[in-house]
Every structure is written in structure tokens, then in C-alpha cells.
């Protein structure tokens, strides 16, 4: 099957475009080292990510990966190492969107920064890895994509090399990242040992065949799966590998925090969704290892969202609050995997994916606002943000939108996704009453999250400023990115139909 | 007999010979302790400072560069071995050679970047110093 | 016409011809058969293997450690129109024995603040890593210890260990000269290792294997016949560009002129070996010589047809040793004829020159081979 | 498409006002708000619906569009009006226009944002009263909170932060409880509903389609959901003991916000109670009638007593709202045509009267900068017209005949007294009527202290007459109050028409 | 003269646990890095042993990738540790405590 007679591998175009952009950026930097032509560099990165987005959307609309008569069907590349289906395209879109926002915002954030070209190419390179991860269908490609994402991210977090916070954040991110990738690889090796294959569908086939050898290695397989969960937990900033998140997000340059907490998390989740639904069919796996792996995700989900929200509620530093809230949101999305044991689990997963898309806008926007505040140099704590709305009503209005949307308050799209997550969870709970616990945790945590999100809105809009400020600058790039994110956060509400369809089809692509 | 056992045997020999020489030397050599004899050699001068000196940052740069390039060469070996077979099996040249060219091209972009940003340049020319000065 | 021949060579892997020079039977097995040790089961085989390894190890040690320094003196003297050693024995050959006794019976002076474990370990690492490389070299006349499938990669890997020993020595000595020497050695080794390996790879494209025995036998095919004399397809002739590159990279890799900056006596005394004396010095010195000869052995094997040469196959070892010595002679010649490069020149030649050239060589070779096929 | 037009005008107006310069924002917002007001009056005139919107009634201005399908349930854009919601929509648009006018004097900071938010609230309020899809309704319902939170928080009095947060947290937690309960209800209905459309759900409930869920049987689930939703709405109404956010919010809010809060936002709670609890769960209403009636009566008496104890005029009006809302609940739980109809009428009436009262208090405050009963006396001397309207409003509150308050309270008591569903209804009715006495007591007491007697407020500024636009807006309200008092059938007929399907006829 | 696969697994687990122990106890960033490398190599042992056991090359191939990525990881890690040293004059991972929660 081909799109407009293109070869199969062109289905990976969204990722390939990003890779090409990264190389072009390197070339630009090679031709003129230490260039500070921000327009050229940022423009290239933005153009690359936007064309990646456009191609991904085009593919989705054209029906690449969708099954059906007029569509092109799921595209296997390199003997099933990659697979381009609705799930892959959906997440490619999320990643491209976040990358575009972040690169636009970086235009101003990186003013007077030394490593312009490096910065952009690393961002785009990491985005390439994430995009690849969305399409990876084998533990080999998954691991490569994972590292392609992680390695530039480590460098990006520490890119402010004279800033102690940034370096410390980079170190911690790196150390935990290295540890978790070691654990992930070991998990991969154990799964390979038990099944003799690294390709997800083949692993599933072996497990379902109930081969004698596999059955004997149930313990190894179980341990391997547990370790894979560990690796995924790192990427998604979930318990138990969440320690890095607050530090890394706080220390990193704000656009990078936005990038990591939105795109990187989405990439981690696509990994989780694909690996666990494709490679470890629930019944067969449960039969072999004796434990239902959704249970692990249910526990992780509850612990993650509770811990994230409670920790966020106690923060004084805005960026750190957002970091913990991002952990909390990881917990919400994990529900998508936890509910797979029940009928209707695919819908819950679809809702979780919708949440990731919406989250891509609102969370990116929120971190970019912090970036704007850093640009203004107003300080980091809630008090420092007091009364900013008087000077910058539009940015603060956008921030209020992000906050309420993150809290899941209507009429913003964050409500949509949480609403669907909740309703579908209740629906699935009719089949498996244990899921009610998850639903309860979701509601309680959402209610709690409202406290700290509204606290920031209160600081921005209601509190009196601690000191008189001069007029605040209005950097074009940051403003454009923030306003765009805010508009999308609102517009997604009425336009949720197509998004929901895409997400549900994406979920249906991996959940039979 | 397995190749690797033979190599292991040679490794044993390779370690035993130096140890044998050390043993012989231990029996032969005199020991005349004397403090000043053990002083660090600095061409006859009295040693100053420690050895934890700061040296050129370029050593790190090339080391990091090496780590990346060296491992990439390892990835090329399987290709090199299979190349003739692939050609013999009538696999089109684009598929047999293309990926490797792409791979090398990416490596070369990296090299070009390192080159241009001065990662492999040991010392700066006066002209560069001039332009770098703000 | 050459093209046609290369195309002929390209079909090699599919139909390996029975080449007499190739050691289908490796030394341990042959020894086992000869001595009847193979009748004693596993233990006997192990013993035979050990004996074989001992033979190979000592052969190399004798050649490099004993003959090497003597030859070096003689060659250098010849270049500078001197006589050099001539008192003890014929042509002063016995000086070797005297030297070894003298060096071994010197006092071992360990500098204060030395990092003892590393200081002690470094000479052993330097010496034995070089020795290990010879395990996979087919030397002809049946002297071939092991022939694993990854032979070439193994040789590169093993010779790389030496730089670890050098940096250990440099670091452990607690001496600034040593430290700088060690660092330079590493910087140099890593800068030239990649061109070395990449160039080696362009040979692998022809041979289609990493197995040393196979590489050698692949070179036995006739390249072309001029006036009735068949010229074998030694890769030095098939791809002279690669040969030159490899030769240059190899000189740097073994730290000889013009690339002997790590121990540049006029700059940093003796580099990493400044603080070494007695048997430790001997071991490091020996290790360096072993490396030169290992480099020669690699070149001989993958470019010069290994033990191939006119005459009966039993003469293989002779041809092989001649080839090694030819490389050694070239080393000493350069030592006398070429000035040393500066450290910055050294690094930049490596990264900006040789590396790019070796990539070009690889790509061109692959492209030409592909286009012809 | 009329309802969409209403909402769209308000929304676009909000955006336009938000970016307009501060100087013209007030006038601009007023001009914009006239459009929905006129439109809603036109809707009122052109109303052609009959019956209850949820129970197979003929909807007026119905409009439906598919939005999203997920799982077994679809969500749609579904709006329409019936006899209950139309008066409330009209009330909303008129009060918003008047609130904008009444903000011209007190608001002198960040005006464009202020008026933008008011228009934004208006859009969402119209949405709340016209939405017939649960999801859509909930979006509007929650969206009202954010602008109100900001209105109180930014332009409020000294303790505005505390009040805003309290308001926000109370109402949001309540919404969550209600939301959870309702979702459980929808899933409990199982296959008998395929969408979140309220009519479909209500019909299914009435047909006894509720299956069990999570191990709860149908009736048990219904009870749980009923209580959950009742609690959720009770905060919004508010009913004692969930009322504590209200006085704080009212006192700290700027006058226009108070007007909207008391006039419309509180009606959201009773409207939702009527739409959900009292329409969908007739059996549960019967089962829990006595406790609900008891709470209603306690609200009436307790609210009135609290009002009696206040010295702040605004606080008095605020607590009296608690009391008035108690009447509404009582009327609802009577479950007779007159009870429920009266309650609905009282919603509109109270919206107008409390709006008027808050405006009047605001006008006095604008002039005197105090609201303390103890500080003032003889205000009639200085601001005769404003004070006159205040007194008229107070009489309306007390239920003076020919004012709308009288008709509302009268029908509630009438309906409750004869309730068959509620045991001991005469007792509850008479207890509630006692509340009127207290209301009269505190209002007269306060008026006597402030309005009459010699003027003795010492200020270093001139206390002048109220501006004309304030007087005009209060006059409009007073006119409406009297109009409804004289001709209650204007809306009461359409209300009863919509109520009867719920009750199933009778009284 | 073949070794059963479980012995390889035991070996790799031992190596993995040694690495993990190092990770948990070492405060020097470089030693931490080495410990992580140990863990990666434990996985490589497994992969190669299982490739042998299952008779396919997938595991070996993956081991190759693992090595390559481990090298890249070291490159990035060393870079970060270098900047760390520049900023904190130490490579002890417990020294940087600019951020605390």
C-alpha cells in the first residue's frame, strides 16, 4: 500500500522530516558556527516541526494506517520494526505540535544564548526520537528511539551550563535516565530470553501459542515486564521513577521543561500503550506470569496521581508546582492502561490519549508562560507572580485558561478529556468494580488540583504585586506560542469530535 | 578446540611472562631506600605543585568525539561483511549501499559540525582569537 | 581489466577455493595430533592449546623483545652513519642478553604519591595486550593459534587496550610529564584508531569476512598476469590508497615517528614512562615493540597476503617475518628521516585529514565494488 | 438558532469588550448587552412551546447538532426553551444589562476586563438555562464560576481573596459531587439511553429504566444519586448548612457581581434542582420529602434570624436571600402545581427583587462609602429617590401585594399547604410563614435606622444624589416587579404549563 | 562443551546486581556511570546468551545497538559531569542541592 504511490518507508515521513531538520540545523551551524541568527535557526526548526505536523495530519486524513476500504491500511516498515498506524500518527501529531510551540517560544527565550543552533537541533532531534517511538514496533527500535529522545534531552536540560540549577537538573535527569534505561534494557533482554523475539507482534504470538519453553520462563518474563514498566515510568515521569521530574523541570530552561513534560511524556505513553497492548496480550500473559499487569498500572496510576497532586499542593515555586502537577497528570493517563482489564478499556485508553493531546497544549502553554516570566525576570515563586495580570493581561489570561484547563474546569478542553476519561472509566467499572477506586482517585485528585491551580490564577489576577513593575516586554515568539496554545485549549472544546475520533481509532489500532 | 580457549591460553601466557620477568627481577635487583630518590622527576628541579594540573579541554572533546565515532564504526562492520553477499544476491545497489551512505553522511555531518565548532582544533590561530574577542 | 578481476574476487565468499596457504588446521590441533595429547580428552586438548600459545607467545617475544632493540640501534646508526653495538658477539648481537640482565637487576624506584595498583598494572597491560593480538594472526607454516570469525575486529579491539595501559601509566606516576604523555598517547590513539578501523573495513568489503584466515586466502587469487608471472591480489595492490592510509594510521597508532609525540623526549622527557625503571620499564618498552610488530603483522595479513610468497607453503613463516620486518624497517627509517609533528598538528591531521580520507576511501571502495558487480 | 445567536452575541461582545480600551468599555458593554436583552424579549413574545422540556414537551427555539460520539453515549449541542427556562433567560439578559449600568459608577479599574467578564457570564448563564444536553449544560454551569471568581477576586472588597476562594471551592466541590452522581445515573440507565440528552434521560428515569450499577440495586442507586445531586445543588442554592460562602461572597463582591450572584446564580441551583432532582426522581422526592422540607424551613427561619443579627445592609440582603431560597425549596418539595409553579415564579421574582435591593445598597454605598446600618440615618434626606426605591424593594421582599414577591410566596404557601406528597405540610407551611414575620422585622428595622430620622453621617465629602443611570436601572427593575405583581399570569401560565407534566396534574 | 543458558542468566543477574549496588551506594558521578554501564553489559550478556539459546541473531544485533547507545550515553554523561565539575568543583552527586522539595 502506498500513499500517492510513495514507497512504504515514506509513511515515517513525520519523523524523517524532523530528522532532516535536525541535520539541516547542524549543517547551518557547521557553515556558520556559533550563529546567533535566531530567525534562521528558530525558523528552520519551526518549519520542520510544522511540516512534520502537516504531513502527519495529512496522513491521518488520507487514511494512512486506518483500516477500511478506502484507506491505506496499517503500514509495516522494515519487516515490522516500525508500524505506521493511527496510534503512531496521532502521537506524531502531538509531538509535532509541542515541538512547534516550543521552538516558536524559544525564539525569544534564547536571546543572548550561546548555543542557539545546538539547542534547536537537539530539540528537533529529541522530537525525532519521540516521533520514531510512536511508530516503533519492536523492542529494538523502541530502545533506539528511547535513547534518541533521552540523550538530547539530557543535554538540553543542562544547556545553561553556567546556571547551577540547570546543571544540577541535567545531572539528576541523566543519572536517573541512565539507570532507568539500563533497567529497561535488562527488561528487554529478559523478555527476549523468554520469548526469543523482540518484535512486538511476534512476542505476542509466542505468548499466545503458550509454548512450553515460554511457560517455564514465566518468572523471567514477569521480571522483564516489571523492568519495562520501570523504563516507561521514567519516560512518563510516573512513580517509581519520577524523582527526576521536579528537579529537571525546575532547573531546565522553561521551554525545555515544556517540551519534556508534554512531548516526552506523550512519547513515553505511546510506548506504554503499544508495548503492553501489542506485545503482552492480557490473558495469555496473565496465564504465563500469573499476575495481571493492569494491576501494576492501576497501583502506579493511583500512587502517581496522588503523590503528584499532594506534592504540587505544597509548592511555593511555580515551575516546581507545574512539575509535580505533570506527575499527577501522568497518573491520570496511566488509567488508560489500568482499565484495559475491563470491557470498554479501549475507550478509556482513547480518553487517556485525548488527554495527552489536550495536555500537549495546556501544559506546554503553562510552562511557556513560566518561560515568559523568566524572560521578564520576575522571580519564581507564587508571590513573585502576584499581580502580573495588570501588566500583561493577555498572557495572564492565557495562563488562567491553562490552569483551569489543567484542573479540568469547563469550558476548557482539559475538562473534555478528563470528563471522557471519567465517564469511560465509570462505564468500564460496570464490568470491573475495582476500577471505581481509580475513578474515585481521579475525582479526588482533580478536586485537589483545583486548589493549587487556582492559587496561581489568584496570584496572577487577584493579589497585589509585591513591587511596582515597569511595563513588561512582549516578546513576539513567546507570546505567539502562548496565545496559540491558549486558543487551541479553548477551541479544542467545540472541535473535540475529530480529536476524539482520532484518539479512539488510535486506541482501537492497538486494542483488539 | 574452541578458538577462544586458544586465545585465553595466550592471554594466560601473556600475563605469565611479565610476571615471570617481574619475579626474576625481584630476585636480582637491589633495594636501597632513599627519600630523595623517590621524588617526582622534573628535569632535576625540585618538584612544584601536584599532578592534578589543568590540561587542555580539547582532550575531553576529542575523547567524547571518539566515543561516538568509534562505536559507529562497529555498526559498519556487519554491513561491510554482508555487502558482497548482498550484491551477489542481486539486491539493488540502492538498498545495499544507500543506507551505509546515509549513515556515513550523518556521521560526516557530525564531523563537519565538530570541525566547524572547533571541537577538534587544538589551538586557536591569532586571527580566530581576534574575531572571538568581543 | 582490473575491474574484471575484482569482480572475480567478489564471488569469493560463495565458492572458497582450496588454498594451500590457509591453515585449515590450527596450531593447537596440529600440536595435539603431533604429540598425541588429543588422546587424553579435554585435559590433553587444553594442554596442547597452552603449549601452542606458549610457542606463539615466545616466538613473538623473542623476535620483538630481543631482536627489535638491537635492530633499532643498528638501523638508526646506519642512517646516521655510525656503527652502533658491535662488541659483544657477532655484530654486537649479545648486547641484548647483557641489556636484559642489566635492566632486570636495576633497582625499582617508585615515585612518591604514585597510585600503586595502577602503577603496577600498567606495564602488564601494555605488554600482554600486544601479545594477545598475535593470537589470531596466521603466520604461515601452520603457526596460527586461533581463527575466530571476528578476527579483524578482535585485533583492533585488543590493540586498543594498550592505550588504557598507557594512560594508567601516565596517571599513576604522579608526574606532570607522565600525565601529559599519557593523555597525548590516548588522544593520539583515539584520533587514529577510527581511520585505522575504517580503512580496515574497506578491505573487509573485498574479503566479505572478518576471519583472518579467510582474508589471507582471499588474497591468494591472482590479480593479473604480467608476462607469465601471476601477481596475487594482495589488497595493497588492489587498493593502494587504503594501504597508504592504513600505514600512516598505523604509525600513529603505535606511536612512532613522525607521530611519537606521547614520548617526545624534547618536550616531555619520556612521556608516560618517565617514572618507570627496572623491570617495569622493560615491560613497557617491550610492549611498545610488540605493538610495532603487531601493527606490522596486521598490515602483512590484510594487505600483503600474510604468509604468502614464492616457494613452498612451508616457507610461510619466513615470508611472514620478512613482511613484518619490512614494516618495522619502514618505522625506523621514518624515525630517522621525518621530523616529529606537534601535538596540535597530530590531532588535526587525524581528525580533519585521515578520518575524512578514510571515509572517502570507504565510500569510494564500496561504490566502485558495487558498481562493478 | 435564536439561542445560539443570544449566546454568540454575548460571547463575541465579551471578547470585543475585553480588548476595547478601558474608557469606553462600560458604554460598549451596555450597548452590546442590549442586543441579547432585546432578543430575549423577542423570544418571550414569540414563545410557542408547551409542556416540559424534559418530558416530551414542545420545545421552543429547539436546536440540535451532533457533537461527539464516544462509547455508548453521544453528546450533542442541544438547546431549547420551555416555560420554566424562558423566564429565567429573560431575567438573565435584563439583569445583566442593568448590572452593567450599575457598574459605571463603582468600577474604575481594569474596566474592559470587568465588562468582558460580565458579558461572558451572561453568555454562560443563558447557556445554563437553555442547554438540554447534560454535557453542554455542565460546561456552561461550570463556566459561570470562573468569571464570577475573578469578579469577586479582583474588584471585590477588602476580604475579596478569601471570599473568592471560598466561593470557588464550595461550588466546585459541589459540582464534582453532582457530576459524579449524574454520570453514575447515566451508566445506571444502561442501554435505555444512548446520549446525554436530558429529555432522554428524564424519560428513561420516569419509565423506571434504572438498572443497578456497581452492585447497587436500581432504587438504591437512585437514592444515592438523588442525595448526591441534591447536595451538589444545595451548595449552589444555597441551603443551610451549606450557605456560609454566600454572605462572604456577597459582601465582598462589587455591586454588579452581587446583583448577578443573587439575581441569577442562586437560581441556577434551584433551576437545576427542579430540572434534575424533582423531574427525574419523583419517587425519591416522595421518600425524602420530609427531610427536604425540614431543611427548607430551617433555611427560611435560620436565614432570617441571621439577617436579623446583621448590621451590614448587604449582609442583611444576602442572608435574606438564603431565607427566600428556602421558600423555593419548600415550594418544590410540595410537589403540587402551585407549589412548584410558585417556586419557579419566586425564582424570577426574587431575582428581580434581590437585584434591586443590591443595586440600591450599592448606590447608597457609592455615595456614603459605608453600608453599616449603625453608621447611617436619615438617608431619605439626601437621596430621596434611591431610598424610595429601596423601600419599595424591601416591601416587595416582605411580600406586599401587587408586588411580585407576594404572588410568589402566596402561591408557594398555597401549594404547600395542600400538598399530598408532603406529610405534615400545614405545619411546615405555617413555620415557613413565620419567616415572613422575621423578614418584615429585620427589613423594617434596618430601614428605620438608615432611612428615617435626622441625617448625621459625618463625611469629608459631599453625599450627593444618586446618578440618573442608577436610578433609571432601579426604576426598570421596580417596574418589572410591580408588573409581575399585577399581572403574574404573564409568566405563571407558561410556568404551570411546563410544571404540570412533572407533577402529573393536580392542584 | 556448552554451558546451559541459566548460568548465563545467573551471571548477568549477578553483574546487574553489582551494578545496581554501585548505583545505590556510590556518590561519585563517574562511578555511578560505570555502575550503570555494568548494568547495561549485564543485559548484553543476557541478550547474547539468549541469542545463542534461541538460535537467532536478534539478540546479538540488539546487543550491538545497546553498546552503541551506551557509548553515546557515556559521551553525554561525561559532558554533563564536566559541566557539573565546572560549576560545583566536585563530582559528588550529593553536592548539588540547589533545589530541594
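Letters A, B, C, D and E mark the chains in the order given here, with residues in each chain numbered from 1 onward.
FYI, contacts are C-beta pairs under 8 Å (C-beta built on N, C-alpha and C of every residue); 3 or more make two chains touch, one makes a residue touch a chain.
Per UniProt, the chains are A = NADH-quinone oxidoreductase subunit N; B = NADH-ubiquinone/plastoquinone oxidoreductase chain 3; C = NADH-quinone oxidoreductase subunit H; D = NuoM family protein; E = NADH-quinone oxidoreductase subunit NuoK.
Predicted, not measured: the structure shown is a model, and the values here were computed from it.
K.L.:
Can you give me the shortest step count from chain A to chain D, moving only between touching chains?
P.N.:
Graph distance in the chain contact network comes out at 1.
K.L.:
Provide the labels of all chains in contact with chain B and in contact with chain D.
P.N.:
Correct list: A.
K.L.:
If I average the C-alpha coordinates per chain and also across every protein chain shown, which chain's average lies closest to the global one?
P.N.:
Chain A is the most central one.
K.L.:
Greatest Cα-centroid separation from chain D: which chain?
P.N.:
The chain lying farthest from chain D is C.
K.L.:
Counting C-beta pairs in contact, which chain pair ranks first?
P.N.:
After tallying contacts for each pair, the winner is B-C.
K.L.:
Among the chains, which one keeps its Cα centre farthest from the Cα centre of chain A?
P.N.:
The most distant chain relative to chain A turns out to be C.
K.L.:
Please tell me the distance, in whole Å, between the geometric centres of chain C and chain D computed from their C-alpha atoms.
P.N.:
Computed from C-alpha means, the inter-chain centre distance equals 94 Å.
K.L.:
In whole angstrom, what separates the CA-based centres of chain D and chain E?
P.N.:
65
K.L.:
Just how far, in Å, is the C-alpha centre of chain C from the one of chain A?
P.N.:
Chain A and chain C have C-alpha centres separated by 52 Å.
K.L.:
How big is the gap, in whole Å, between where the Cα atoms of chain C centre and where those of chain E centre?
P.N.:
Spacing between the chain centres: roughly 32 Å.
K.L.:
Quick check: what residues of chain E touch more than one other chain, meaning two or more?
P.N.:
Residues 1, 72, 79 of chain E touch two or more partner chains.
K.L.:
Quick one: which chain pairs are touching?
P.N.:
Chain-chain contacts present: A-B, A-D, A-E, B-C, B-E.
K.L.:
If we count contacts the way the header does, which residues on chain A are in touch with chain E in the complex?
P.N.:
139-140, 143-144, 147, 151, 154-155, 158, 161-162, 164-165, 167-172, 174-175, 178-179, 181-183, 185-186, 188-190, 192-193, 196-198, 220, 246-247, 250-251, 311, 315, 320
K.L.:
Where on chain C does chain B make contact in their complex?
P.N.:
10-14, 26-29, 32, 45-46, 48-50, 52-54, 56-58, 61, 101, 104-113, 123-124, 127-129, 131-132, 134-136, 145-148, 153-154, 174-180, 183, 186-187, 190-191, 193-194, 197-198, 201-202, 204-206, 208-210, 269, 274-275, 278-279, 282-283, 343-344, 347-348, 351-352, 355-356, 359, 362-363, 366-367, 369-371, 373
K.L.:
For the complex, which residues does chain E have touching chain A?
P.N.:
Residues 5, 9, 12, 16, 19, 23, 29, 32-33, 36, 39-40, 42-44, 46-47, 49-50, 53-54, 56, 58-59, 61-62, 65-66, 69, 72-73, 76-77, 79-81, 83-84, 86-88, 93, 96-99, 101 of chain E touch chain A in their complex.
K.L.:
Contact residues on chain A for chain D in the complex?
P.N.:
These residues of chain A touch chain D: 344, 347, 350-351, 390, 393, 400, 404, 409-411, 415, 419-420, 422-424, 426-427, 429-430, 433, 436, 439, 443, 446-447, 450-451, 454, 457-458, 461-463, 493-494, 496-497, 500, 504.
K.L.:
Using the touch rule from the top, collect the residues of chain E that touch chain B in their complex.
P.N.:
1, 64, 67-68, 71-72, 74-75, 78-79, 82
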